[in-house]
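Chain nomenclature is as follows: A, B, C and D, assigned in order of appearance, with residue numbering initiated at 1 for each chain independently.
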Amino acid sequence: MVTKNCTESQLLSELYRGMYRIRFVEERIVKIYHTDKIKSPVHLSIGQEAPSVGVCAALRPTDVVFGTYRGHALYLAKGGDLNRMVAELYGKASGVAKGKAGSMHLADASVLMMGTSAIVATTIPHAVGYALAEKFRGRDTVVAVFFGDGASEEGVLHESANFAALHMLPVLFVCENNFYAIHTPLKSRVPMPNYCARMEAYGIPSRKILRNNVLETAQTAGEMIGQMREGRIGPAFLEIETYRWREHVGPGEDWALGYRSREEAEPWIRGDEVERIGCQLDLDVRTSIDHAVEMEVETAFRLAEEAAFPSDEELLTDVFQ
Amino acid sequence: MVTKNCTESQLLSELYRGMYRIRFVEERIVKIYHTDKIKSPVHLSIGQEAPSVGVCAALRPTDVVFGTYRGHALYLAKGGDLNRMVAELYGKASGVAKGKAGSMHLADASVLMMGTSAIVATTIPHAVGYALAEKFRGRDTVVAVFFGDGASEEGVLHESANFAALHMLPVLFVCENNFYAIHTPLKSRVPMPNYCARMEAYGIPSRKILRNNVLETAQTAGEMIGQMREGRIGPAFLEIETYRWREHVGPGEDWALGYRSREEAEPWIRGDEVERIGCQLDLDVRTSIDHAVEMEVETAFRLAEEAAFPSDEELLTDVFQ
Amino acid sequence: MSFSNAVRELSYADALYEATVQEMERDDNVFVFGLGVDDPKGMYGTTKDLHHRFGAKRNFDTPLSEDAMTGVAIGAALAGMRPIHVHQRMDFLLLCMNQLINVAAKWSYMFGGAFRVPLVVRAIVGRSWGQGAQHSQSLHAHFMHVPGIKVVAPTTPHDAKGCMIAAIRDNNPVIVVEHRMLYSNRGMVPSEPYTVEFGKARVLTQGGDLTIVAISHMVVEAVRASHHLAEVGIHAEVIDPVSLSPLDAQTIQTSVQKTRRLLVVDHSWVETSAASEIVALVAESLNGDPGVRFKRMGFAPVPCPTTKPLENLFYPNSRTIAQAGYRLVTNREDWVPEGKEANEIAEFKGPF
Amino acid sequence: MSFSNAVRELSYADALYEATVQEMERDDNVFVFGLGVDDPKGMYGTTKDLHHRFGAKRNFDTPLSEDAMTGVAIGAALAGMRPIHVHQRMDFLLLCMNQLINVAAKWSYMFGGAFRVPLVVRAIVGRSWGQGAQHSQSLHAHFMHVPGIKVVAPTTPHDAKGCMIAAIRDNNPVIVVEHRMLYSNRGMVPSEPYTVEFGKARVLTQGGDLTIVAISHMVVEAVRASHHLAEVGIHAEVIDPVSLSPLDAQTIQTSVQKTRRLLVVDHSWVETSAASEIVALVAESLNGDPGVRFKRMGFAPVPCPTTKPLENLFYPNSRTIAQAGYRLVTNREDWVPEGKEANEIAEFKGPF
């Protein structure tokens, strides 16, 4: 959208719509999770809507993304099919992956979300390989890969960054720094959280977005992507500070566990980016967005509830192509 | 030795002796290799004597080293037993590892050379773990780990550096940058060869030694090690520019292969560090060092030739402790 | 901790915890590390307060760097420590194979016996609540294939404690396979430290009609299967190898010589598996002795699906095991035992 | 390249090269990469001038980053390319297990068939000239165990070419196990492109006394062993499975039904191996049919030693295979065949 030269207010309502939609879906999951209809781990993005929405606003539909097990936000931001996503969470045959994948493995070639993984950091090199292929074919596709602060400790990020920089590949590395890997804070994992400096050592232009700012994310990503597309830079790196409001996995809050405090979260919750952007819209615009989103989500959950589980024969299909 | 406050001329003759000994052993291997008595790959250090000798001059006997398949120089510099080393190359029962290891896997707990590996970069985290143990026990041991420019592309270096920096562990990471990984030059492997910047991103103090300089290596390593031992810094990183005169593996020269030119090598060979230091010694000092080294080496090869192969029963021993 | 050797009922998780505490008390060189070991959930309680009891240096969290952390453990072991490296999912070991197989398993032999790597790797196997393809693997076969590394898969609280203590005291790398469906199982456990010797199988039920060797959580299902079978008059001898490498071939062979039928129920895929190994071992040992029948069972030959109906089909269970045993004995397929999903599976709830 | 289908003698290495060239000509999506593929030695000639012929973008060297490079290959495959990733030593695959097993093998199933990973991994197995513990492993069992990934180990130039072409055209990940002792073997190879179907074993020699199934370089030794055995009147049927996963159980079972003796000679350790799988498969299929005898052979149960006298003992060879066959048939140990080390082993010289 940033690339589409739309007006600022159009952009704002798009960003709001994207974030509110994710938020509303996630809240809906929270509501029904206790019924045990979703019999699989869910890693919610409540509080972390901005990075996916901001970056995807700067991508074209022909651009490609890779993500993680915390993938609802990215799937929706990239234009994924809400009905098929919810059905997938329910393990239904109408799900994106016929129920074989579940929440942790959302991917959909039709919107060029080309993979997610429950093994941290594994899709990072896939993005690099995809970009290599696209460059090889002379296309100007950009590939964005989303991962957490924890993922950045895996050696594969460094190997991938080195290779992407070496071959000047159009990969946008997006690190959603939510300060925790499960319950482990940054200070138990890195001597200093200077992710940009680490990537700059490979000659990769790097920028840090503070406080979950969706507009800045969209704009900065847009600049970087523009330069990539023109071949002026190879890969780029974007660190986005964000915050997970819910437990690492599951629908609950986890202040009681003691690994982080409610006080620490307070500014993030008070400064809620969904609300902050929502406030900047005309009330009637916002209301109509909200209404449309809520209808859509209700429908998706209803369809998922009504849908059938895969048949027993599905167990043995799809191992090979 | 640097730490031992010896005179500069004592230091110089020690450095010379260390380097000449390695050179002479390696040349001796070159001479006999065609006889097929050494039936295993040898990765020679001819031209690359300075890094091992320089760093080991700054270590105490109670300090620990880890190395690579190109390990003759390090083994000798760390005080290893020449006779047992040559016997090992010959696959004899009197070898450091009873002939089971060969040239690629020299290690010897008695001189605290605690491992080498034919899988590139694998011993890097061992050094970190060893340092963790020593720090845990309140000892002031320093652990140095040697690896090549190629090894620095493996993710495990980054994971290891991050962890060592996080825990302020006394590890000296020593990168012998000889500009090639087998036949592949730096430019096919890294966007820019700024190894120091990569390590500084973890807050690791880093220094680069130009042109294979043994004295500077000893001095710089000495400073870093001193600071480590006092706990003023955690890990440190030393990149040492050096050059391999022979083929990657084996006794021959390889200018004919075409991946590098004789011209490129010329300044390294002309500026031979062994000779450069040797020239600074009194002639009689040098002569007597040379003589002693040559005698020692002749003996080692003779003993290895005469020694017995391991008995058949040795096949099945040592799998478990 | 009192050492009057009371035998109390403990859960599998508590037995592992007790083993670790006792060894940490006995030997200062023992330490525990891995992602989340000191977190509020404490690895199902198996590491819960070790950092409070023994200090943060002896039970600590790490960055997400499985490869290097395995190398760090090896380095510490080379320095004489006895690290216990904990993995929340065995699947993560695929990031550590180089250090485990190219290094840990080879270091003693390769250096002519001069080095030892006393390393314990705790590998927790996931199942249920939609773990899916990447959080449910049990890769014991990979380690059984390679000399120089031991593999144990205790199934009772008693063996969990004894194997853990034995693994910690072992001077070699040991992979301890722990199935998360076993953690809440309860059983009698002596309070004093003791070791369970590796390479000794346990005969859990006696029977003359059929030998069932089962692995990890499948032991529990196999014992249930033996009850189903008893209803139709078939008496199965259920054997728990406990230790997979070394493997107690003798106990299994002796049983098969008696029963003439061997059903092996693995907790992994069947092809090139521990089950293959056990069948091959017995087949070789028979030296042409006629009339023994063999059957292997395990995961369906697919990655594990997430959705519950397919996940149910993916794993063997007490009913399918009983059916296979019935068929092996009778050569008939005319019986379907009644029963429902095992409690530990049905009751396991997410979100984790 | 002329496509008049002449059948010429080619070396195994040249057959691999020809397959690669023909597929690169046919399909622009095929590319080759890996450490040293464009270096002066060109992987024993198998990739020698591909970068000159097809451009540096289609045959390129990489940093030492096996894990990420495997991920890069997968990413490129997801984008529709057909990468061939070459490893000088199969041992290095232990750095890639996460991408190969947690990803490549699962992507099709996990996403309900929506993705494909057409990836060829060429794994060269080392032997001789003191390769030692870390440069001599053949880890096909690890991949056979896991659904979703295919494994082939061609032994003739003909099968090398046909399997390579089939692997490149396959829409799934395929590990091609190449033994460096086979590279200089010569054999008849059609000049036109052709595929060798996976899952079909080859019966190399006919015989009624004994079935020998051998893997990779052991096929060559097994055929030699059959000559030794013929001298004492024992006729062995030597079978080369060619493809290990899928595995042609039928051909092996049919042979064993005839010979009643099965000797499997693996090119790896015996425990939990391809040999275990083959014995287990056959044992199961016999359904109690009496009197079949089984024997597995493979590496000594130790890491590979460097020194030549021990390395010689580490591997099965034509004489020890013949002896084992003789014993399986006669139940006697009173014969030692004469012979010497195979040429390709004796003549292989370093330094590499």
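What to note about this one:
One rule holds in what follows: a residue touches a chain if its C-beta (ideal position, glycine included) is under 8 Å from a C-beta of that chain, and two chains touch if they have at least 3 such contacts.
Computed from a predicted model, the values in this text were never measured in an experiment.
Of all chains in the assembly, those touching subunit C and also subunit D are A, B. Ranked by separation of Cα centres from subunit A, the top chain is B.
Remark: subunit A and subunit D have CA centroids separated by 42 Å (rounded to whole angstrom).
Each chain gets a centre from the mean of its Cα atoms; for subunit A and subunit C, those two points are 36 Å apart. Rounded to a whole number, the gap between the C-alpha centres of subunit A and subunit B is 46 angstrom.
In subunit C, the residues that touch at least two other chains are 62-63, 65, 67-68, 91, 94-95, 98, 102, 109-110, 132-134, 147-148, 301-303, 305. Annotation for subunit B: residues 95, 99-101, 105, 117, 119, 153-156, 159, 162, 166, 188-190, 318-319 touch two or more other chains. Residue ranges of subunit C in contact with subunit B, taken from their complex: 31, 57, 62-63, 65, 67-81, 83, 98-99, 102-103, 107-116, 118, 147-148, 171-172.
Across the complex, subunit A is touched by residues 35-36, 39-41, 60-68, 91-92, 94-95, 129-135, 300-303, 305-310, 313-314, 349-352 of subunit C. Considering their complex, residues 33, 36, 39-42, 91-92, 95, 99-105, 117-121, 150-151, 153-155, 181-184, 188-190, 247, 249-252, 257-259, 309-310, 312, 314-316, 318-319 of subunit A touch subunit C. On subunit A, the positions that touch subunit D within their shared complex are 64, 66, 95-101, 105, 107-109, 114-115, 117, 119, 122-134, 136, 155-156, 159-160, 162-163, 166, 317-321.
Considering their complex, residues 153-159, 162, 165-166, 188-192, 194, 197-198, 200-203, 234 of subunit B touch subunit A.
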